[in-house]
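Letters A, B and C mark the chains as written, and numbering starts fresh at 1 in each.
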Amino acid sequence: QSNVTVYGIADVYYGFGKYDDNKFNGIESGGIAGSRLGFKGSEDLGNGLKALFTLEYSIDLDKNEGVGTTGLRSRQQFVGLQGGFGFIGAGRQYAPGYFYVAKYDTSAIVPLSPYHKFVGANGSNIQAGSASRVNNSINYISPDFGGLTVNAIYGFNEVNQDNNRTAGDLAQIGAQYNNGPVSVGLIYSQVKQDAAAIPAGYAIAGSDETKKEWFLGASYDFKVVKVTGMYNTVKDATVDGDDNNVWALGAIVPVSAAGSVRLSYASADNDTDDTDADGWTVYYFHSLSKRTTLYTGYARISNDDATRHSLLASTAGQGTDENASSFVVGVNHTF
Amino acid sequence: QSNVTVYGIADVYYGFGKYDDNKFNGIESGGIAGSRLGFKGSEDLGNGLKALFTLEYSIDLDKNEGVGTTGLRSRQQFVGLQGGFGFIGAGRQYAPGYFYVAKYDTSAIVPLSPYHKFVGANGSNIQAGSASRVNNSINYISPDFGGLTVNAIYGFNEVNQDNNRTAGDLAQIGAQYNNGPVSVGLIYSQVKQDAAAIPAGYAIAGSDETKKEWFLGASYDFKVVKVTGMYNTVKDATVDGDDNNVWALGAIVPVSAAGSVRLSYASADNDTDDTDADGWTVYYFHSLSKRTTLYTGYARISNDDATRHSLLASTAGQGTDENASSFVVGVNHTF
Amino acid sequence: QSNVTVYGIADVYYGFGKYDDNKFNGIESGGIAGSRLGFKGSEDLGNGLKALFTLEYSIDLDKNEGVGTTGLRSRQQFVGLQGGFGFIGAGRQYAPGYFYVAKYDTSAIVPLSPYHKFVGANGSNIQAGSASRVNNSINYISPDFGGLTVNAIYGFNEVNQDNNRTAGDLAQIGAQYNNGPVSVGLIYSQVKQDAAAIPAGYAIAGSDETKKEWFLGASYDFKVVKVTGMYNTVKDATVDGDDNNVWALGAIVPVSAAGSVRLSYASADNDTDDTDADGWTVYYFHSLSKRTTLYTGYARISNDDATRHSLLASTAGQGTDENASSFVVGVNHTF
């Protein structure tokens, strides 16, 4: 038992959402962060070498679900070695995009982040969500070189066939520089495509070409306000020269020892006509302790003539070109 | 890890059941109490305020099942705040019916309780079973006012549609008074009906009217014997003025420092012709320690011309108006 | 929490496999031992009596899976009593075959054991795999009588029907003698057959007769090398007098304080024409600590005119009478 730390997050909120005539009204799991239950530990092997493991599962606090029985079953599962060379692990692991986006996206209420919604719709693998969770992967994280770290991951799609044995394999590499108030992160990601053998969530449907993607994020902390920016471009391999771009700006304003206001704006700029959209959010976080935070906020997305993005409310049976609005109030408890 | 307590119950029994020509013979999980694995903790926030969480999953000790992978996946999952005002929580939580019935039903071997069988068949949400586990719920428990506590829960069905947005929402309120040897509990429960949007387990099929239900339970502890009684009435919204009633009497007789005999009788009195039934049980519990109890007992149900209630044995291919009998011997270990 | 020990194994490897034109290339979970997460504890009841429980679940380290959500959900789940009489438990428990085979099979990389592959193909219930995990079972393990222990298990199939109520019930009994360098184990196992009511993994398809099976294993530790042997025969009830036999030899050679070489050879000798096969393995294990082991190795199976046994690579679309080869390198971490 001394070898294992049991940890997790219990996060639950009341949400109200509206999209055209549809309204959502209820209790949901995972506002600031996905609710989870995890088991981790490390063993000192001598000579500065350590064995590490993490087993982390999604929990759905509001529903009749078990430990990792929903669509998102495991968040991450790996075992690896850490030493002077950095960290190398194998299992189901996060691509660097997960951590970089989480660092620069000030709309930290994941289900209500317009930026997250827009890059997800573009099939991005650089996001603070499941498309950054890589099965069958080998992951390398470098030591910290004066503020600079490099992180590279390779995920096997394991098609187990004669031809196109790398079809669906994902490769992603990121570099991040942190120094005092400054943080900058850059990522390149690609998925080897083969229309017949691409895992769900990776594909640009019907394409046999490699999907390529870039991300740049940065933040500067002025103390009275921390400002952030992000830019993501997914090269859609199905159409020559077709790019889908999303950018975002954000700010975090401390208003008291325990409270902060968080603002964000995101804009999707896609090559296909009438598929743009933009959204903004305003949230307030209030810490009751280091482990327990109350939060509330509002988000709004404006859709284009051909889009139907919504956050909490269903879009079923409703038209395009409508606004989606959402309100939440919740509690996040880390254990 | 110091933030989390891992706890649970491992309960397994040998059971033999007979219904007409069918016979069951085997090992089952969960006699006195459903086998479970849970994770819970609390954080002191100062000023008498506490954050609490509980994550509790069903386990099926006799089968190839994981942590919450059967039909009953989570027993309860919530996070909440406790203070001078009482407790308020959000998640998947127990309605007061769960605790009240468990307190007054002396046939504490849940799968072999005729009362539990009869109220379940009436679609009751006041029972020591899953119909009292409320998804998407807000729950309030009052402080103890000289023996009196009040408990109210509201569960959103989250239909996410334009009309009838409260269809399937459950509301239940209970009051319980405990003072020395006396205990009395009263509950009102309702489910907003809408034939097209009712969650499984809540519905009286095909009805658009609100299902309404009352429960009254009481016990008195004479020391040489503790006696209990319960009454439950479900107003069947599908037929005007049609009520389904179940009542039960029970007794717990301590026979030694470690052993007690438990007796119960339950009777279903329904408005539809030939759907009555009654049943009785006799159990013996023997504690090996505070955490480990051996148990054995016998239950019998007498069916009416149109009922086929059985406890362990299947009724498949068999007629109505038969008797169901069951015998169990098992062990319950709390950890 | 003091009542529960959280434990487990995180084992992950890179594997390359080839069968004819098919090639597998990827990261898999569970080389030396299946990755798992478990919860166990015991309670002293006085007079030399103890209550014990174990809840142990399969985890799939490389995939989006929860705690026991794959085909192998629970490895074992039981509660029992231990005393001067030995141990008696109820739940989902291991037949003695699991432990005996694990003791004598030197190709301790389970997914790459030819012996495991061959006895599995014969429908054996004496193996270091799921066919030795018995649902709805009562298990008895004797005390140690001067090196001799006896272990018997009975699993109910719970057909819950009028006739053939023991159809699919499994009974297995084993005796093992350990004394200094010598170890010998003998097992008899049977499954009551009934073509219409046999659990998956138990059946010899279409047969109404009882499946009978014998196992003999032994090892002798010469210090510079430990040698082992196994013999398994499954009496195929579908054909009169038809037996399927597998035998294996193995050796473990310590080559340093931390390293050992493991060799094995296995041969399947079946009555049906052209269904024989043989295979050999060579592995190297290197301990970084008592809890963390690196491993690598190679396995090869030679198929007969009518067999298509493969370890890592798929056989889909490929012919019979081909060789299957596999290479792995991995890490096993116990916590």
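Here is the rule we use: a contact is a pair of C-beta atoms (placed from the backbone, for glycine too) under 8 Å apart; a residue touches a chain by one contact, two chains touch by 3 or more.
On a predicted model such as this, the values are computed, not experimentally measured, just so you know.
Note: Cα superposition of chain B onto chain C, rotation of 120 degrees, nearest 5. In the contact between chain A and chain C, the residue numbers used by both copies make up under half of all numbers at that interface.
Separating the CA-averaged centres of chain A and chain C is a span of 40 Å. Multi-chain contact residues of chain C (touching two or more other chains) are listed as 1, 4, 6, 66-67, 69. Considering their complex, residues 1, 3-4, 6, 39, 41, 43, 45-46, 49, 51, 53, 55, 57-58, 66-69, 72-74, 77-79, 81, 90-92, 133, 135-138, 156-158, 160-162, 165 of chain A touch chain C. Listing the residues of chain A that touch chain B in their complex gives 1, 4-8, 10-14, 21-29, 37, 59-67, 69, 288-289, 291-292, 313-314, 330-331, 333, 335.
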